[in-house]
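The next part holds the structures, each set out as structure tokens.
Each of the next two complexes has subunit A plus one other chain: subunit B in the first, subunit C in the second.
Right, the complex of A and B next:
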């Protein structure tokens, strides 16, 4: 139990559970199953995007990808256009979305590496370019996904009266894979080493620039993937489909126990934090609170959690 | 005999435990005005912990601290400063983003109002001039731009600066470890002047000659206790080593076999420093230990880094024939991964080799860590403990293990023995020789003259150039110093 409490990610799950109970208190216990289903269905997108962001943030101070919302928006449009409402073209559409994300990731890295622009500026300026491309490419229209793809992204298997979203299961498997990559591969160890001390990593034989390149490319790729999946889930692509993932991708990383200073990453925490944020929104919705107040409360809660979770770590 | 009143500090029965580790186990120590106390002991003997207690950064678990005759129960950093006790820690404590003058101001809150920056600058540069004439450091220099040796000079000088409160006692923890022989001599001469002026000094060093030559009294620590304390002239080198508890091995001339055989083995490295105007270049063959000597910061580290780069990417003027590994001397900025365990720190250079399939094998990682814990005698119950739980010298051993455990054939060492005790040093020297016999090549930048005796061949650097090229038989302190200062055409 004590060992469990020492895990930094446990607090994000505790938070999610507390908010969940708070939400149930209003409904008088009604709709718990539906809430769990909804929470997992929405949290999985934050986890996919957050995983990419986590690898980038783990590279150390200053590393962040702010182009994710634009990336997601463009990839959703690319995927829907290539699929063209035709189920046969789904794999091609996903590949195109991945490709679009990958190109964006590589573009980000080139700005950072070749032009020596700080990542925060590079990815932010990249996101303006991407957004413009998206607007002229998608013409601001909502493009519908093929019916089979939309059904797949919304597919739920009833287990004991609760609908289990199939995509959530897939993303849980993906998270396990990401944890293995982080801890047990040369790439993952290199990311952790660079985040702690980039110079020491270089002198220990870590191929620093190669790893940084791969990380920004990976983050872009995951952004592209989320774009395609979101377009399927919400039954349509749009320019602003990724907007909420700017704050969310960073919030889940930080609340989940990943160090903003780099070198320490935490994958289970991504799930806890994503569930926490989604359930919080569901709860605030069920209070019938206006959108403005909801944003204020969400912001305050994120600050509160970071302060609470950051306390004992700062004493280290 | 010296009376109670002249004690600057007096510690009685001081204890400090970190979990199961008894870092200090009942230490008594006194320092009088006008006295230099030399403190020696192995890595992990408790010297640094004791100094942290004296500086107020660690509160003792048990025991009394008496300063200038009055007991101090709530002893703290600010109180220590108030009472004129200053400390130069082994891990340098300057703010890297601030200038020399600004760092001086950090210690002197009294420097306020218009022109504080100039006054702080005058204060610190004045002290630098006094201790290290010809230091070449400006008040406006940013710390991170200074070499580690110069940072150490600033740190030392800052400890001796005075504004409103007089400095009574200065603790110098390995103050010469990053200094070349010339600046180290300047510092030690200054220590004697300070002592003559009635200040107290605690000098911690692994260089026994430094201790014996400059202390009035010597205190030997082992396993968290003071084992011997006596006048310095009661000791000689052998006695001191015996008191510290290391077996003293008489060493054969290490580089005996080499020298004559030079050139028969294949060449591993050819490197020409950028500023080299004549034809001289550094050449290292298989199985050689090559020393890089000269005053600190004269291009030795730079050349090592360039050779390191050239091993990964073609570089004009360099020829590197085998994989390299680097042993950092400045372990905080170049070596240690602070969030990781000892095992992870040792293994990072070998992660690719420890894979089974695509994944790093935890068994192989544990095997490697344990094998090198034994080989390097890293003092820890568990290699999964955080690297920062180790004393400085043991962290350095872990960095050696990282390089030696790897597949590297060429090992580049950047003054790697900083803060390492004499017993460990002798073991590492033997290990280096053993590995060289197996065919590894070592490039060894060192600021310690003794270590050059372990090299087959020594290149002396000055202003980024090779100015002398000495065979093992020819390496003497005079020769190295002579070439370090000689003007070349």
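Right, the complex of A and C next:
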């Protein structure tokens, strides 16, 4: 039990559980199943995007990908255009979205590496370029997904009265895979080593630039993947479909117990944090609170959870 | 600077001389001052301007109807653009303003130069400008409640999807909604969420609030969000309520789908049509023509009933918005109605 409490990710799950009980309090226990389904359906997108962001942030101070919202927007349009409403073309559309994200990730890395621009500036300016490409490519139009793909993103299997979103299960498997990559592969250990001390890692023979390249490419790739999935779930691509994920991708990483200073990553925490953020919205919406107060509470609660999670380790 | 002043006073003089002398606008040049073109509404607005403007030139009603667009909704850039239009000697400027007050200075300069300024959509507070106004509280908010009351005579539970928190548009519509709902005791708004007039945001907001709600009989909204709301009901496995719609093609296409599948879905669509730019154009033309025009001319909104859906769906491009252009006769009628008030 003590060992469990020492895990940095436990606090995000505690937070999610508390707000869940808070939400149920107003409905008198009604709608619990629906809330769980909605929470998992929306949280899974934050987890996919957050995983990419987590790898980047773990590279150490200053590393962050701010181009994710634009990346997601463009990938959603690319996926929908390639699929063209035809279920047969779904794999091709997903591949195109992945390709679009990958190119953006590589582009980000080139700006950072070749032109020596700090990642915050490089990815932010890249996002302006990407957004312009998206506007001229998508023409501000909403393009619909093929029916089969749309149904898949919203496929629920009833288990004991609760609809379990199949895509959430897939993303949980993906998270397990990401955890294995992070903890058990040379690449994952290299990311952690670079984040802890880039010079020590370099002296130990870690190929720093190659790992950084792979990490930004991976983050771009995951942005592309979420673009395609979001366009399916929300029934259409749009330029601003990824807007929420600028803050959310960083928030789930931080609330989930990953160190902003780099070198310490945490996959389970992503899920806890994503569920926490979504359930918090469910609770605030259920309480019928005005928009201003809602934002204030969201901010305060996020600060509270970060303080609770970071408190015991503040001594370092 | 001195030269500018001279040109301005010359122009002012010319305009003062010209207006009452010939009540004929065939020599007049009208400009459209716009500050953004990045969404389907503005694209349709520019198309409507182009269509009506070209026709008016062909019919020898005006000499020119030129559109000018700056980027990114920036007030300073649009102010500079207005100054250019003044120097170019246009007789009237139809403006969709980037700011309610930041352009007042430039608008005043235009008025002082004898130029007729007509604002629409993005209005200006400068009193010398004519304004095309829309009474959102009455024609949109309250009317939505009346339309629901008509379709649900036995009453029921409503979910209200608001727009962008803190905007005057959202406040106006909401005022109308609550004023009217007070007259219908059997309709109850059980919760409200913010959808930001955006499909994705609305779907998320509705998905997060639905589990805590009883059966919903109708959804009140502000347009642009109806499709997202429908998807959220669908994802939650809830029966589809009556959802009022906006003007986006995906909303109208979804409506058509419901009609085809269920043999009828008696909803109602309302929106500010981008063609309101043509309403403003005719107001400008009427002022140039020497007609007595009140400073505020109210315009109705575009509404679509189930029986007219096919007609509008046909003329709306995929991914675009439903639109309507106003004729000179309609605007003359609106001006007469405005004078009676």
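Quick note on the criterion: the second predicted complex is superposed on the first by the 312 of 316 C-alpha atoms of A that agree within 3 Å, B and C clash if a C-alpha of one lies under 4 Å from a C-alpha of the other, contacts with A are read in each partner's own complex, and residues count from 1 in each chain.
As a convention for this text, contacts are C-beta pairs under 8 Å (C-beta built on N, C-alpha and C of every residue); 3 or more make two chains touch, one makes a residue touch a chain.
Because the structure is a prediction, the values reported are computed rather than measured.
After superposition onto subunit A, partners subunit B and subunit C are found to sit side by side with no clash. With both structures placed on the common chain, the touch criterion links A:204 to subunit B but leaves subunit C unconnected. When subunit A is checked against subunit B and against subunit C, the one touching more of its residues turns out to be C.
Contacts of A:93 after superposition on the shared chain: neither subunit B nor subunit C is touched. In the superposed model, A:23 makes contact with subunit C only, not with subunit B.
After overlaying the two complexes on the shared chain, residue contacts for A:119 are found with neither subunit B nor subunit C. In the superposition on chain A, A:193 makes contact with subunit B only, while subunit C stays out of contact range.
By the touch criterion defined above, A:269 lies against neither subunit B nor subunit C after alignment on the C-alpha atoms of chain A.
Look at A:257: by the touch rule set out above, it reaches neither subunit B nor subunit C. In the superposition on chain A, A:145 makes contact with neither subunit B nor subunit C. Between subunit B and subunit C, the shortest distance over C-alpha atoms in the superposed arrangement works out to 39 Å. Across the two superposed structures, the residue set of subunit A contacted by subunit B and also by subunit C is empty. Residues of subunit A that touch subunit B in their complex: 180, 184-186, 189-190, 192-193, 196-197, 199-201, 203-207, 259, 263-264.
Residues 308, 312, 325-326, 328, 333-340, 344, 348-349, 351-352, 355, 358-360, 362, 402, 406 of subunit B are the ones that touch subunit A when the two sit in their complex.
Interface residues of subunit A facing subunit C in the complex, by the touch rule stated above, are 23, 26-27, 30-35, 37-38, 41-42, 135, 139-144, 154, 156, 163, 230, 234-236, 238, 240-241, 244, 278, 281-282, 285-286, 288, 291-292. Across the interface of their complex, subunit A is touched by residues 38-40, 43, 165-166, 191-194, 198-201, 203-205, 207-213, 227-228, 231, 234-237, 248-250, 318-320 of subunit C.
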